[in-house]
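Order of writing sets the labels: A, B, C, D and E. Residues in every chain begin at 1.
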Amino acid sequence: MAYSSNEMIQSGHTVQKSSLWKEVLKRFLKRKMAIAGLLILLLVFLFSFVGPFFSPYMTAGTNSQAIHQAPNLSHWLGTDHLGRDVLTRLMLAGRISLTVGIGAMFLAVTIGGILGILAGYYGGIIDQIVMRIADILMTLPGLPLLFIMAAIMSEWQVPAEQRLYIVMIMLSLVNWPSLARLIRSQVLSLREREFMVATEVLGLRDKRKVLNHLLPNVVPLLIVTATLSVGGAILSESVLSFFGLGVVPPTASWGNMINTANTLIDFTNRPWLWIPPGVAIFITVIAVNLLGDGLRDSIDPNMKGR
Amino acid sequence: MAQQEPLLSVHQLKAHFQSEDGLVKAVDGINFDVYQGETVCIVGESGCGKSVTAMSIMGLLPDTSKVEGEINLAGKDLTKLSKGNMRRIRGNELSMIFQEPMTSLNPVMTIGEQMTEVLLEHQAISKKQATKKSLELIKMVGIGRGEQIIKSYPHQLSGGMLQRVMIAIALACDPKMLIADEPTTALDVTIQAQVLNLLQDLKEETNMSMLLITHDLGVVAEVADRVVVMYAGKVVEQGTVEEIFANPKHPYTKGLLQAKPVLGSRKKKLYTIPGQVPKLVDLKPSCYFADRCEHCMKICTQQTPELKSDDSSEHKVACWLYENEVVHK
Amino acid sequence: MTQESLIQVHQLEKKYKTKEKMFSKNNEYIKAVDNVTFHIKEGETFGLVGESGSGKSTIGKSILRLQDISNGEIKYHGKNVFELDKKEMRHLRTKMQFVFQDPFSSLNPRLRIGDALAEPLLDHGLATKKNVKEKVMETMELCGLPTYHINKYPHEFSGGQRQRIGIARAMIMNPEFIVADEPVSALDVSIQAQIINLFQELQEKRNLSYLFISHDLSVVEHLCSRIGVLYLGTMMELASRDQLYENPQHPYTKALLSAVPIPDPTKRRERILLKGDLPNPASPPSGCKFHTRCPFAMDICKNETPVFKEREPGHFVACHLVDQEKANT
Amino acid sequence: MNNYFVKRLLYLIPTLIGASILIFFLYSLIPGNFIDTDPNLTAERKAELYALYGFDQPTITRYFIWLGNLFQGDLGYSLQFQRPVTEVLNDYIWSSFIVAFASLFLTWGIALVIGVISATKQYSFFDSFVTILVFGAMAIPSFFLGLIAIKFFAVDLGWFPAGGMTTSGADYTGWARIKDIAEHMVLPVIVLTMLGIGGLTRYFRTNMLEVVKQDFVRTARAKGLKEKVVIYKHALRNALLPAITLFAFELPALFSGAIITEQIFNWPGIGAIYMQAFSVRDYPLLMGFTMFIAVLTVISNLIADILYGIADPRVRVK
Amino acid sequence: MKVPKYYLILFTALILFLAACNTEMGGDEESEAAPTEEGEQGLDVVEDTKIEASDPDSSPELALNRGNTVVVGLQEPGGVFTPYFNTSGYDGNVQSVMFPPLVDIDETGEPYPRLAEDWEISDDELTYTYHLRDDLKFDDGSAFTAEDVAFTITLLHDPSYPGSTDITEANVVGGLDYKEGNAEEIEGINVIDDQTIEFQLEEPNARALTMLGGQILSEEYYGADYSKGDLDYISDYHLEPVGAGPFKFEAYNPGEEIRFTSNGHYYNGEPEIDTFIYRTSEGDSQQFFQTGELDYSTFPADQDNFELLQSLGYANIDLYTSSNYSYVAFNHESEIFQDPNVRIAFNLGLDRQAYIDTRFQGYAELANVPVAPVSWAHTDEIEAFPYDPEEAKRLLEEAGWEEGSDGIREKDGEKLRVYFFTTDGSGGNDIFVTLAQENYRDIGVDLQIEQMDFNALLSRVDNGDHDLVSFSTTMQPDPHIGVEAFHSEYNDSTFRGYDNPEVDELIDAAVAVSDIDERAEAYHELYAKLQEDPPMILLNYNKVLAGTNARVEGFEPNGIRGIAPSLELLRIAE
């Protein structure tokens, strides 16, 4: 476990899975919807990361002979306007969308977590600075902020394949303030808890207080918010794609796959272009939310909702 | 007093919950009576089922719990009443006060609103009359400045005041029976004394019955007529307050009495009951106190003793020690 | 009784800001502790009693420098605790420890108890990784915790065991002095006795000094050799146990003692009932702070603050009534 | 009360100044400007225009000029519309507000009802069903939802207009006009509502679950009150209170959402022209809009806090 | 009137709502597969055509009930309805309804009289005389005279004029003195009488005719407060235009519509239509045409849309070729593109026909010269670069770019990596970048794609950060607009660094003559020269697909002026 540092004693008994997490697991296993969410997510991961290896079209490029084919035996989900296999693109796009979702979440949680912990734990001027910045950022509407950042970052000369990292950075910059706020309030309430006073009584060093006592107690909240924010990030990427600020073609993401079919004609005549990525986003986000919901309930039954 | 019909008669009451660890038998077949004008105390440590008993009498346990047995209040079996009828009894014939006066009142409603509400619900009176009655009630529980109090919000009053307000609300409709669940535990000793006195006085004035739930033997000794000692969801001993304190029979009762440091009677070392209360899940037939009992016998771990009296008196105990006497006779 | 005094608290004062006003310097303050002086001798248990809000915990925490004070001095072995630098303070932490009221919230739920106990030793370099486990197990045994629990988490223990862990954590660095802030008030009677006994055993084995904070006068009587009575942050009476319990001088002490329910139904006695509630600490009464509730209040009490004087050797009281009686005799 | 209010008002100032700094300098970091949009201009003409619009000044100077004007309520002059920004905002903001408020109203109404029902029936079929439904609403990108709505409800079924705010050339007046606008509002409001409803429903549900467990709810039941009274009078009031502060955060989100919905539904609102202004780098308009939202957010934050203070007796300021 | 040049996005639809279609790559719509057609050697280009509605009665009720009002879609106008002052091309569309020019141009780019009945150009091409029609009136009923023309041209020379029209290009005598000096009036403008005005030019310029004979502002109305050096007051008139067109301004509801009513003072007679409305509609407007809210709409030309319009039954279809074209510009300051052969190689190495086929399915044509086929200047004699990867490889080889181990060419250790700038990644761009990346990979070029918003793209192109960038032009009423940027003295970031003295000469020559045949020849010579030293990769000429609700007759859109000239002819079908 993250928080039993090595220097701590590990008793002669073989260290089993901590019973604390066993409890969590036990509670978690009782939540059918959460398990369903987890299973679906696993499937989506397998589909995206392993699936393409079974596709004969993995390395195939465009094919002008096979444009806009409806689903058929050789192209199960049909082909797009460049004759590419939609199923394969869907799988490859899944890699990007999941990576963006998880990456953006990871960044945002890291930034928000660190700043929130610092602000909450040290208080005073650090708290003031961090929270003021967060407040200010939160007064600005999100989408314009994303536009601005996208425009500024367009000067960074990022090649198309690496564009997804830009998207991650953008999303995390917009999302960290609310996370920092959440974590800070959690830290503040933890700081009042007697076991934190106890670390003071024991005269423990700051590092140990933060790493051994504060952090492990913030981790559950981090895990839950992180999980729930993955869904948001995947959706945000698709919205960015809608405005042409997301992942750039020819790299596929679920967002830009929907967006290339974003006309009434394609919508009406070629549902195989938009239904698969739409459904992929839909079930992934639902699954992530179900999982996050279940995690929240099982990690800390008393944790307050967002 | 034993000859009249009991006001409240609890018979073979069971309250079971399904928890994540299994079936919790929070209350497991208990019997006791409360007569008119009498104060009965249920004593026990946390987790012995005393609060669940109170809540099942009130019909306030969540729907997920299973309540069995009979609860007769003035001839009506409460367990058989419809939800609506039960609701009409609550706060009316049967009311209850709780341990934490601070959290037991709605923080965003004035005291007045919360008092008149119960009157308007159960009595056919106007708002004006209800307010007037509220003021009387406040006076009755010994608070001055009634006009000011009914406009206050709970956070503006002290714990002692709030508990008086709670008592006033509970007594608003002249209940026959008041259940008080640890009503003084959260209060300071000086306030506790005030509140206990108040309850005693009010009880005498109105001749209602009171079921007082507490873990504090001092409180029991002060106010109870009869005592019910609970342990792990079962009644282990019951009798008049004098009998229980003068001649406790069950080892648990004895232990409790000895373990408590008593003002003015110093001991070198306190008596301790080893171990702790068992979890109420999947208990096998046995005396649940067996593993903490210094008189534990083989039978104690195999069979559950029944609550009996050895001499047809009201003093009953559930312990194999006394069963054996009976048997050996 | 000529032991050296270990802790000296001199004219301690602690103010809290309640309301910040923007444009005025007259912020409202609550004096949580008001000019309190006492000392604790080596090897003794000093008791602090009083109702909630009397400032007991504030004094306890101040002694360990867990919070700042507004005025006065706290000396440990003659050294002012608040003048120590960071390093000295860190060292002092190994000598003075704290036991919390709520055994659950004072333990980090995410730390195995073995780790929780080993942590201070390692952090202060009092043990090596090799021998730390040995020391931990030693302390666990000392505090009556089976050593096979070493890898468990706090939530797997019962309340009593958790408090043992809390005590073990305080004991692990072998301190001289422990502040115990209501350590048994959250526990059941049967468990309470176990913990009280543990405190006594540890004192005998390790020659510890305690500051024992409690609202339960019977527990304090059982444990403490000298006792201070606090009311609204002010020390009202301070005496040895025998003096205080057999010959209480201050009306407040008398009222407190008489309010404690005695678990003996045959001893129902007349109480000195205090009027009303604790006044708002933000605007404490003038003169003697107790005069608003004192059954013997006189005019002088409203205007003049009584002096905290030694009436008999070791028996200090702050009360005009006592002064007058003294004068009369 | 006054003290508190004054203090809160004073707190606004650093936040707003911070916001203005952030807004100004972020926008100034963006490559491109209004004049460059017209690649047709000669270098000399460009230089002339730069001087004309003050683009040749250092950024700091321009910031202070802008800030100075801001204090006088002057948001500058829209380059693209060749009119004062305040006038342009005034032209478009109201139709945005109509949609925003309608959707706010709907979001809160629906979220409240669903939240309460699923909280009081935790783990019931209804609860699970609503959970899935709500997650579903949260899982569809709004632009896509808009497209689906247009396709099915406007083009195929013809129930609602496909976009815009009025029927061009119909010349409705009075009630007919209101009805016309209402019809045009339906789809954008639905989409905007779907956008926000998920989070809020979950919020109410958890809040409600929390409150229902509290002691005073038990007391209310012990008093023999009807279950409806217990839930709606005692529990809901307590669950609603903390939500008041949410109102403030809803606002910037709504306008962000409006950028998408107005774009899709051709709604003549501020969100739609924001996009356009962005593409031509009409900075005064962009900054004016962003600042406007920031001020609105900060003020609604303040109002929410004050409302909370009034609604919750525990924090009520005397 | 000078038409804003180049680049679409906002300026796209100068003449008419060229719909969402023309983002700079030409459209964000994709095209129908037409799976039956096999694109081996390129699809046959679909001919411009008009098709009558098959079932006019199937029109949505909404349209049928509208009566004598015609609604046309227009992307967001900016609300600046004073000619020459607008910053958005869409405002230009609004103006063209109310402000006909003195001299208009027809669908091939040839001038024809509008408010001016006639004009004369002196033999030295330095004197231009315009004769206005009799009894011209502005729509407020006031007289329209030569003074108004003089006022308008003077206004454009004002030092504080903030718009984008550069009137000095017309070289009016004394114009610069007025603009930069102290002159109180412009020497070269002579009002002969109410109906006649004469301009003296310093040098001949073929475009002076339309520049000086553009849209006219009423002096009485717009000039009441005029004093030299201060034009700020004009913004008060932006929302209250007074013109002399077939329709006059009635109301502007921001974000919703602009409403015009027929102008009884119009020289050609009051139009039959009472009310004309430009309805604001962002992006895809198909749904509005389908629900009947629009009477006329243009669509990106492709098979999908064509079939859609046919299926609607009530749509009159008009497929015509636009005067714009799309291209990819080289960064001429980049080391890589100094060598013309490399640029030729990039032309040869891209299968442009495949791209056009995939994207437009026959609804666009491979471009061979920088002018659209609708123009008199177009020629078929010059052949477009073929797709010839082998030749491309050879040229690159020759230029010193050797194939590296990973298949990417190298020179002096530098990889042949080029950065392609583009905006929106949807639709057509997606097709182009995907195909271009594949094609260029085949000849050993590593094409990196960078996507950004249009303004950032312009700014970065201005910085010279790019190697390749894709653009599409606006409508091109004059062929000069298509080539002027290749002139070494021309100030434009896109072709900065392109310096070919022969080309310069040819450009100058083509604009120095007024005779169309002569000019056409001059352009053909220029186009041939450009083929040897290509400044860009030409992609395609666009087509426009216009749909008209059959209840309205008279729309005659063309590739240069859109619907503006035909508005006065509109009428409701019986």
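Just so it is clear, a contact is a pair of C-beta atoms (placed from the backbone, for glycine too) under 8 Å apart; a residue touches a chain by one contact, two chains touch by 3 or more.
Chain-to-protein mapping (UniProt): A = Glutathione transport system permease protein GsiD; B = Oligopeptide transport ATP-binding protein OppD; C = Oligopeptide transport ATP-binding protein OppF; D = Dipeptide transport system permease protein DppB; E = Oligopeptide-binding protein AppA.
Every value quoted in this text rests on a predicted model; they were computed, and no experiment measured them.
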Where the contacts of subunit B and subunit E overlap, which chains show up?
A, D
Smallest number of touch links from subunit B to reach subunit C?
1
Quick check: more C-beta contact pairs in D-E or A-B?
D-E
Of all chains present, which has the mean Cα position farthest from that of subunit C?
E
Between subunit C and subunit E, centroid-to-centroid distance (C-alpha), Å
88
Which whole number of Å gives the spacing of the CA centres of subunit C and subunit D?
54
Taking each chain's mean CA coordinate, subunit A and subunit D are separated, in whole Å, by 24
Among all residues of subunit C, those touching at least two other chains are none
Show the residues in subunit D shared as contacts by 2 or more other chains, in ascending order.
30-32, 150-151, 155, 278
Any idea which subunit B residues touch subunit C in the complex?
45-46, 158, 160-161, 188-194, 196-197, 215-222, 224, 241-242, 245-246, 255-257, 259-264, 266-267, 269-274, 276-277
Counting only contacts in the complex, subunit A reaches subunit C at residues 3-4, 7-9, 11, 13, 15-16, 18-20, 23, 193-195, 197-198, 200-205, 208, 212-213, 216-217, 219
In the complex, go through subunit D and note every residue touching subunit E.
30-34, 36-45, 49, 52, 79-83, 88, 91-92, 95, 150-151, 154-155, 158, 161-170, 263, 266-269, 272-273, 276, 278-281
List the residues on subunit C that touch subunit B in their complex, please.
51-52, 158-161, 188-194, 196-197, 200, 215, 217-219, 221-222, 245, 255-268, 271, 273-274, 277-278
Contact set on subunit D toward subunit B in their complex
214-216, 218-227, 229, 234, 237-238, 241, 311-314
